[in-house]
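Heads up, the next two complexes both have chain A, just with different partners, chain B and then chain C.
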Partner chain A sequence: MSDRLFISDADLHGLAGDLIGAGTEVVAPVATDICQSPSAIAATACTLDGSKVDIDYRALASADEMDLSRGLPQLSLKGYFLPEHEALCRWKQRGITVEVEDVPTEFAPRVVLAAKPCDSAALAVVDQVMNWDYEDELWNGRREATTIVNLTCPMIDDSCFCTAVATGPDDVKGADGLLTPVDGGYVFEPATDKGRALAEAHKARFSSHVEADTLGRQADDERAAARSRVAANLEIDAASVRAWIDTHFEDPLLSQLAIRCNGCGACASVCPTCHCFDIVDEEEGVGRGTRRRCWDTCQAPTFTLHASGHNPRDDQHVRYRQRINHKFAIYPLKFGEVLCTGCGRCTRVCHAGQDLIEILQAIDIAARRPGDATAEPEEAAS
Partner chain B sequence: MTEAAPVYAGVAELQRVARELLEVGDVRVIIGWEDARRGARPVFVSDPADTDKLIFDTRCVHNLVTYLNPRRDHVAELGKIGLVVKGCDVKAVAGLLREQQIDRDHVVLIGVRCGGVLEENELPAALALTPENVAPRCYGCDNREPSLTDHLVGEPQPEPPRPVMTIDERVAALDDLPAEERWAFWTEQFNKCVRCYACRQVCPLCICERCIVEKTQPQWIESAAHPRGNLSWNVTRAIHLAGRCVDCGECERFCPVGIPLSLVNRKLQQIVHDRYDYTVSDDPENAAPIGDYRLDDQQEFIK
Partner chain C sequence: MNIYQPLLTTVTEMVDETVDTRTLRLEFQDEAVRSGFDFKAGQFGEYSVFGAGESTFCIASPPTRDGYIECSFKSVGKVTIALREVNKGDTVGFRGPYGNWFPVDDWKGKDVVFVAGGIGLAPVRCVIWNVLDRRDEFGDVTIVYGARSVDDLVYKRELEDWGARSDVKMVTTVDPGGQTEDWAGEVGYVTPVVEKTAPKADNAVAVLCGPPIVVKLTLPVLGQLGFADDAIFTTLENRMKCGLGKCGRCNIGPVYVCKDGPVFTAAQMKELPPEF
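Up next, the complex of A and B:
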């Protein structure tokens, strides 16, 4: 417990200010009332009750912008490590000679404050595939340059289920430390050398005096309460779910669960763990251009379209099965953990009502069914 | 406080019609709306006993015609569809008929008389419509009595309320801005685009076998989400729907980053109306300018 520090609300803002002042990029949730901006006309909500707050992770221009009210940013932290699009190299061609210009793979130090535990955990999960048969320098470079401090999440709503997928609202997985709100400020618990170094470098902002039976207990209670709130949303047996998906590729349940899916791919864009990308060459005039990678999604028909014209995933229910399969069977079988941190964004963003909580519950029930009804028809018993 | 919506009297009739269609075997599946954990959503019912899941209320926003898209093989495989439609949704059916995408006798349309829907479907219960919560596109609705249907249920409904600010008023407010500010506005909006193509996937009229954005030889539209790629995608999408868009607003509703696509769509509708005297309607015979040539078409732009 000696590792616990206290930082007041003012000092947390002060810390952000110090970092920004020293030229370090600080990323944190920023709440924008878009109705107070020139873009108000964009949102019908502004014509309704005159206020629509968007929360996004943004590079702070000043510490006051940081929003610690703990809503969920629209997009996860993913884009700060795997941008929507980024250059991989540039080329110039003259006759038969091609000159390739690499892009920098070293990045300036950066600090993320008040990250959602589901978003930092996702980075740790994706680290595995980014260092599997190829070490992705761009991903790793940004990961190494970034110090992430989580903020214990109170739970957003009934679509949160981080505790059902081996993480939690107070997890430090993928992060370097955790802030938990207590009276007058936050208890800070560093989790890595980077986290300790941050506290050490800004010693004056922290107090090492955290009474175990007052502030310490308050932080523990807050963390336990958040965990039990989320746990009430969904409880599954991840191992049986994985085994069921792995052995029921053709099960009609999977296509039934996908029937209303429009294949719009919005779920993959907002998902903190979806990391698939496409590589395109953009010509910029004659004989020169940029090779760029862009987010892609297995929900798009072209994702698996072969040059021959054949498409092994030629229909939406098959593509949706792939989404479930990759997250809850393929990835855990390969890397030992599910490719989902239970943030619930996919469910919230789906206006057709594809609901991952409902889908996992349905698979969990099928997996727990003794003897599996599809394998042993009732007639066999009579 | 917003009040609960009055109970829609046609629900029992809707369920009865759906059940009979399934029992007789006229259709194999009914696509309608149901009440789920997060609110109203599309439901596929193939067992007559399940027709009591069907609902209709102010949360039934989803334009189900998108499931008639001929490229939705997994829906087509279910067999003949009975589709529940609001009056506005029928315009999308008319669009598909107009463009020979579906055969009218391959679908049974169950129309629900509708007095407008909410902007949001993710609500635990239906709310009475107010200027603050009504979907702005419902203003001035001329399809409360759906046409083209095989069955029609529900009582005649009152006019939806006028929203606080109509889509036309918002378009006019943008038109009033100096060009640089309008450009700045749209640049900011399109910069948010993450190129998920949700707008295209949920559009009942985005029916191209292969979307131009997926053509890579040559690459007409850059697939990266940078300002150049985003502008060419969003403008191309909008123009391809000029005179075809039925204003169901699904593109905007499904956009995960909140780009106000209905403002672009409405602006193009206005231009098509002014230049070609054409309004998208529920009449499948009324050819859209994009697929029609007339000797008196305006062509002064051809120099």
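Up next, the complex of A and C:
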């Protein structure tokens, strides 16, 4: 592939430095030892051996902060496109007159380096609902202003399952290019015009095209190895899982699978595809304030509570069923793809031990069970 | 202006329907919006009091009345209590119209039967006036409306107007025990009164809206009277925030009430998973 370029580790840091120097916000994984944090809350999370490293996507103050050797950041990239809370409009009231002020829908350019492929893929998935008839300019504005460069995952753990949900640890879905670690640096493969423009604007940082030589082969091997490492974690038949969920709304299996869930909603916060939100007014003194949208979760009992007191999802297993349904049946029905990119954060963060890999395996097994209406035909014996 | 930004309206009239239910008439402050605003019977909007937030109600006035919209609400939550505190001349925010509508144009030449319970008359009232404003396009019009008590009947003046018209068959009922001494209407729950009124189903459609129990019990009665499932229309409500298919809370299985609804036929309702 003649489109492939090589960039040394020093030049990648140099590229980040150039961008920061030019005033562009650069977001990348940053590792912090929270035991060094002055925050009392952080200190409580510090383990007895005196070291606990948090990885986060952060806007870099300097290129040295970027850490490309680690696993998944705690939170996905979602917050850079759908902030935890953001202004939708501002109002000022004087007597009976109200003035509503727009919020900007154009954003300064931003570059994300070393994004996890599951995080960029999630943005492409959520693009669909954000443009379902009505275009969400706030989401789209940030998407357009951002160039995302993925990094083939250097670390894959037991909770990763991206390859089971139609993406992968070396995918460029939702991103503008891909870096794959090779000896001395990275092979860069641009995937969009934005990605090509980034390389073009910083030509000096990239060396000549990588042909199918040692480095090219090394990148291919690295990508294939990452894919097979994830694939070993989970293999499901997505179509039959979806068909089973579609046709088994009241199946007791779904309530059994929800049994450990106590509805804290942490899974939705860390999920790169969960995009449900609340809209609230925040008064900022007399006669003025901001209407905001805030992350919300379908796991909260108040999420669907009617003013009358009636609640269509009045029990936790019903709310968990909604989570599974929305991700693996409803979203695919509306938009043709699952609302999950297999990052596994929900499993890692769950204090009750809900494991999405286990849950999908259980549904996959149920879907293949003989006698089940939606089961796959038995494999031919001969 | 992004899709979540409200239009500004001025409260021009207020009517107390019951002790806790009020109707507001709202006029768009922007001249261009006022003359250009259009919607269809059954659509809804997000109404807001700045500082309290937004709440979802149907547009209770008919699209055949230009220049204003109306909403009727019961004061039960933060926003509806704040809405009750606004006065004539105050500003209320509005986003909409959203959702689908009653296919009134497809009903030309047919009889139309309206069945409503309690505040469920609000979305039906929009359709009733829409039909009555175009009266000669439709066949017989029957309205069966019930509430818990005489005090709980909403749109009382309009109930009288409809009752006085010779081209409308109006039946008003209150639950047993809810009648006053001079009550001249029916006494009984909506469902048996519909059964007794027995509107003919031939070349007719029915519009049904009310508390879940009224809808649940009346559907089979309309069926027995001969109404096909696709000739019975209702409007569902679920908690909403955006009204635009994004915030993720109004879905019943794969059906988004805000975008696929709020108007559904009985046939469509029977396809929904049991979660509403």
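The definition used in the following text is that the second predicted complex is superposed on the first by the 358 of 382 C-alpha atoms of A that agree within 3 Å, B and C clash if a C-alpha of one lies under 4 Å from a C-alpha of the other, contacts with A are read in each partner's own complex, and residues count from 1 in each chain.
Basically, a contact is a pair of C-beta atoms (placed from the backbone, for glycine too) under 8 Å apart; a residue touches a chain by one contact, two chains touch by 3 or more.
This structure is a prediction, so every number in the text was calculated from the model and none was measured.
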Touched partner set for A:R205, first chain B, second chain C, both or neither: neither
Partner chain in contact with A:V280 - chain B first, chain C second, else both or neither: both
Touched partner set for A:W132, first chain B, second chain C, both or neither: second
First, second, both or neither for A:N325, with chain B first and chain C second: second
First (chain B), second (chain C), both or neither touched by A:P312: second
Footprint overlap on chain A, comparing chain B with chain C: 278, 280, 318
Chain C - residues contacting chain A, complex: 1-6, 8, 10, 48, 50-54, 74, 76-77, 80, 89-91, 93, 212, 237-239, 241-242, 244-249, 251-254, 259, 273-276
Interfacial residue positions of chain A with respect to chain C in the complex: 88-89, 91, 93, 96-98, 100, 102-103, 105, 129-130, 132-138, 249-250, 275-281, 283, 289, 291, 293, 296, 298, 303-308, 310, 312-313, 318, 322, 325-326, 329-330, 333-334
Residues of chain B that touch chain A when the two form their complex: 36-44, 61-62, 66, 72-75, 119, 121-122, 132-133, 136, 163-165, 170, 173-174, 181, 184-185, 188-189, 194-198, 201-202, 214, 216, 219, 222-226, 229, 253-260, 263
Complex contacts: residues of chain A adjacent to chain B: 38-39, 41-44, 47-49, 54, 74-75, 84-85, 158-159, 255, 258-260, 262-266, 268-270, 278, 280, 282, 292, 294-295, 297, 300, 302, 314-318, 347, 349, 351-353, 355, 357-358
